[in-house]
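A quick write-up on the structure given underneath.
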């Protein structure tokens, strides 16, 4: 068994080497998920292929997580830091959020070059909102499409429902009727409140700053 | 009659001795309340038993409050501090919130050991939200289940209604029709706005701080 | 014509002398308004009496405003300061808000005695919310009660609609169908967002401060 | 080809000379748009005239943008600054927002004369909200009026829908059914959250400051 310093170095090496492959897997997952959700009329064989892609990418996420966990020197603290990875294992449609994670790590490393802290924060919040909303629309569509009494039967309905849920508007012209759809909705409401809080705070600060600066000479 | 210093010491002793028993009573209350709400088909004798548990725990909350009030040196100031206890006497389903109260006292005593102030605040806000939402779902279910024209007839409906109310989404697919249910809803909206305000403030601060820190070397 | 200093002194004297009578008139207005809204089945003669009370109190508000305006040394600046009085003339159901105005002036004079700044702010925001919500419920009831297709036909409905509107929940089980009711609703949404913003900011600050203080020794 | 310093001067001259004409064009656009939306029964020839006004003003916006872009010394940076102009080209009903832009430039130049920074910020946020809400009501009316199953068929409906959407209340008594109307709705929800965040922050700061100041002597 490796000594802790050796394990730390091997963990860092593993994280460096798997960064790009995990993003590729996430996009692969998102692609297969999108096809399954939006093209239910596809020949059966294709559905089997895309379902296999989902299963294999998920299995690889599991393997990656197991390796990281095995290499981590202090496992309790590591678990607490890997909330996103753990959430992706439990709710695979969150996988595209890995893209935000990688971009934000890259952005932090290059910080200060092009964008201020506030703009960068707003930018990642908007990217997270978009990816989360897209995945949630697909998930809701899969669960609700064939439910009796459903009001979410097309991708347009699903996108509209997602917008009205994340902003907590909730018209009630579209709403989930299955418990899975309601779970997706609950996650959307909560994350919408949080993410729009970030965007609003940034927007308010920017709007106020416009009138706070010196006038153009 | 004891002199004020003696009463202060006796009040402190009473509070120390009743802390754990009150939590146990609260959990007992919650258990009986859950059974009554979720198992309406139970034999009548069991319902009588659980109703008796509710009544007895409530009576003990009343006795505890009376003793504290009698021992308090400055009763007006003490009443103002005991808003939660008073609210539990008037609206017993709030009893589980005692758990948050005790945990937060314990957390403040051990503060600084594991979690920062911000994380701790968010944590208690989430715990309060969960307990309040659970109790409110049970209460709404009891009041609405048999009301004519009701849209909240299962525990799943009640949980979904609670989520859409606390986040002020309000789809309108489920809504209370009795005045008791509407009162529960009004409390939920108001406390939801407050509690999610706390969570959002913490989340925004955390999200911003990610881009505010030094990049990893 | 009096010299400006004389007019300033006379304006101050007028404001001092009319403070309490205006509150009494506001409460009289609210009482008559409440009776008209909640007791539509009253004998016709009583309705005439209460309508007369509304008209007379409104006329007295107009006289008071005219006198103040005549006495004000700089009328433009004075108008800008008297937004509340002007709003009450145009929308008389806002009259009870005078109570908040007087209490807040009294509270500012005695500031620091009993409550901190934050608690006082939250307190007045809650009082304003309650009075505004009560007046709006009465107004909506009057406009909506007999409208075809109305969903707000009892005072209970009106209170529930007000709660769901001010918190921007908006279930859609109750909603105004007349343009007057929709105008009341729009005012409620906007003031709800503002007032709950104040309450939430205070609550969040209080909640965070609980975990920010030194632990009890 | 002009040297960069010459181009900077020519760009500044162009911006100075087109400021007022662009506002006039924006108001012309808004006028024609309002007539088309609110008077669908007008003789066909008039509709053709107003549609021509829309097309010509839009073409002039395009020409203006092309000239600015051609003159800009650093085109990438200039594009990032011209987000509003670009948005107006893509979504012409946003054109009235130019008025806010010009007023805010004038306000910044004259800053400190009459209004504090906070009041000015709130003022522009309210002006933006009003113009955006008016344009969105007209747009929604045009798209929804003749859609099957539509609930937005009069300008009153459209204004009420806009109010309930921008405040994220979302009763669900009125809601868009076309994808264009839903797009308008999504823009309204997002901008409503942002703009009301600005207004609320200003209102909260003002409300708190009332109790923070010294009492009147």
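Note that the chains take the letters A, B, C and D in the order they are written out, and that residue 1 is the start of every chain.
Here is the rule we use: contacts are C-beta pairs under 8 Å (C-beta built on N, C-alpha and C of every residue); 3 or more make two chains touch, one makes a residue touch a chain.
These figures come from a predicted structure and were not determined experimentally.
Centroid analysis (C-alpha atoms only) places B farthest from subunit D. Two copies of one chain, subunit A and subunit B, form a contact in which under half of the residue numbers belong to both partners. Between subunit C and subunit D the CA-based rotation angle works out to 90°, given as a multiple of 5. If each chain is reduced to the centroid of its CA atoms, subunit A and subunit B end up 32 Å from each other.
Chain centres here are Cα means. That of subunit A falls 45 Å from that of subunit C. Residue positions of subunit C with contacts to 2 or more other chains are 168-172, 201. Residues of subunit B touching subunit C in their complex: 104, 107-111, 117-118, 120-121, 124-125, 165, 168-172, 175, 177, 179, 182, 185-186, 189-190, 192-194, 197-198, 201. Here subunit D touches subunit B in the complex through residues 168-172, going by the rule given at the top.
The part of subunit B that touches subunit A in the complex is made up of residues 156, 160, 163-164, 167-173, 196, 199-201, 203-204, 207-208, 210-213, 215-216.
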